[in-house]
C-alpha cells in the first residue's frame, strides 16, 4: 500500500551540530512509527543525520541524489535514487514526501520549502528563526506549520497522516 | 548499505499477456534474492506485473512515477517517487538501477534502453526479437546481454552483482 | 557568440498591476540593450509582461515552459522551451540566465531565488519588502542585490555584464 | 508568434565526417527558411555542424545543454539553455522541437528518437541503415519518415509545417 514518507530537509556541509542532533532524533522517532525517512541522500548534515537516526530504529531510508552515480551518497540511504539533475532534484524530494520537516536553513533548503508550498505540501518549520517563519508564512500561509521540539513535530505529523493517509487522492486534505 | 536495485522496464498499457507473466515471475525471483525491484511505477503492464511478482515473495518495490501525484501509481509500488517530469523520469529509472532487464518493447522502453547504454549500464534484453537485438547491439555492443528465460536472466544478474556489488564506485566493473 | 540572457522572474496569475508595469518597462529596457529576456514563458503576470516589454523594443524572448505542449505558453515567447517538468523547470530558468531580476514574490518565484543563490547567480531583488530582503540576504549575502527602480536595475546589470560577459568561463566573476 | 523550431539530433564526438557535412547543409537550409535550429548544444559532431550551417545563413540557433555551465557549449549556440540534467535533457530537445531530423546514430540519439515517438512528434530519419529504420518503424510506425537527401528532408519539413504551424494546439496534425 505504501508507507507514509516523511521528507526531512536541511543543509548539508553547513548544518550546525544542534541541528544535526535534532535531525537524528527526528529520523529515529519517524522510523519508530514505521514511516519512511526521505532526504537529499548526501553524506552530510541533516540528510545523513536524519537517515542515521532512522537506522537507529531499524527504519527504511530513501535518498534522492543530485548526482548520476552513488559515489557521494550516504551509506545510510537504503534506496538511492540517482537523478543526475543537481539541485533540479529538489522538486522530487518535495513531491515524493507526504509531509516535510525543515531543520536548519540554506539556499537548497529554502528552494525545497518554496517548491513545497507551490506543490501544496504541508511543511513543518522546526526551530527556525523569526525572519524565516515570516517570509514563508507570507508566501504560503496555510501550508506552513511552526514547531520547536521533536515532540511537537511528531504530534503534528501523526495528526496530519491520520486525516491524510499516505498518497491518498488529492483534494481530501483536512488538516 | 543499500540492497541491489534491479530495474525492470517494459510497456504499460500495451504489454502482452505472456510478457506480463514473465515480468511477474522475474519480479518474484528477484525479490526471493532479497533485491529491490524498481519500475516506472504505473498501474499497468510490465511495471505492475513485476511489482506484484516481487510482493508475492515479500519483496520491496520502488516506482519512479511520471506524474506529480500518486493518483495513477500502482498500489504495488511501496516507495513512490513522484517526479512530475513525464517521460523525463526515464533517465532516473535507468540511473537508479544497478542493472536493467527489458521485457517487451515500446517507445518509452526503447528510450530507457538507449539511456541505459549512454549511462554505461548493463542491460539484459529478455525474449526480444532479432531487429531489436541487432539495433541495440549496434549502438551498445558491450552493454547488451541477450536472455530468453527467467533462469538465464537470474543467472546473469547474480553473476553481475557478485562482481559489481550495489553502487560500488565506478570503474570497477568487471563483467 | 551568444547574447547575454537576463532572467526576469515573478508571479504569474497573482502578480500586482504595478509589478506587471515594472516587468514591462524592464523587459523593454533590456531589449533596447540587445539582450535576451528569459522568463517562465506562461501567459500571465510578470512572465508575459516582461516579454511584451521586450517585444515593444523588438527584442528576443525565451520562455521555459512547465508544460509539455505550447498550449498555455505566452504568444510573446519567441523561443518556447517545453520541459514537461512542472515547477522542476525552475532550475533551468535560473541556470540559463546570466543574471536574474525578481519582481513580486510567490512560492515559485522564491524557489527561483533560492536555486539562483545555490547556483551562484547574481540576483537583483527589485522593489521587494524588508522581510524578503532579509531572508534572502541571510542565505545568500554576496549574491543578493537590492534595487528600487528600473534605472538602478539596468545600471547594475550593465556593470555586471561588463565584467562578466555572457557565459564566460566560471571563476572569473568580479562584481 | 514563435518561429518553427527544427530539432537536429545526432552523435557528438563519434559523428562521421559525411554525417557532419549533411548536418551542416541541413542547418543552412533550415535557416534559409527563417526557421530556428535546435540541438543538444555541445561543441561536437552533429550538434555543432548543424548550428554552424545555420549561422552560414544567418539563422538563429538554440542549444539545450546537459551541463549546468556554458563551459562545453558550442560557440555556435546563440541561446544556451543550461539544464544541469545530463542526458535527462534529451526529453527537452524533443518536446521543444516542432519536428525532428536524425542524422547518424548513437545511444543518446536513439533515446531522442524513442522519446520523440512517445511524445507524438514527427521524426525524419535521414540516411539511416535498414536495422535502425525497421526498429523505429516497429515502435512508432506513423511517426517515422525516411529520407535520404537534404532536399527530400526539406520538402517534408516544409509540407509538415504548412499543415502543422509552429506550436499549434494539439490534435490538429494532418500530415
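Quick notes on this structure:
To keep things simple, chains are lettered A, B, C and D as they appear, and every chain counts its residues starting from 1.
Criterion: a contact is a pair of C-beta atoms (placed from the backbone, for glycine too) under 8 Å apart; a residue touches a chain by one contact, two chains touch by 3 or more.
None of these values were measured; they are calculated from a predicted model.
Shared contacts of subunit B and subunit C, meaning chains that touch the two of them, come down to A, D.
Where touching is counted per the definition, the chains common to subunit A and subunit D are B, C. Centroids built from CA atoms put subunit B at 28 Å from subunit A.
Listed for subunit B are residues 68, 83-88, 91-92, 119, each touching two or more other chains.
Shown here, the protein chains touch in all possible pairs.
By the touch criterion given at the top, residues 1-3, 5, 36, 60, 62, 64, 68-71, 73, 75, 77-84, 91-92, 95-96, 119, 167, 169-170 of subunit D touch subunit C in their complex. Only residues 68, 83-88 of subunit A touch subunit D when the two sit together in their complex. Across the complex, subunit A meets subunit C through its residues 85-88, 90-92, 105-111, 113-115, 117-119, 131-132, 134-135, 138-140.
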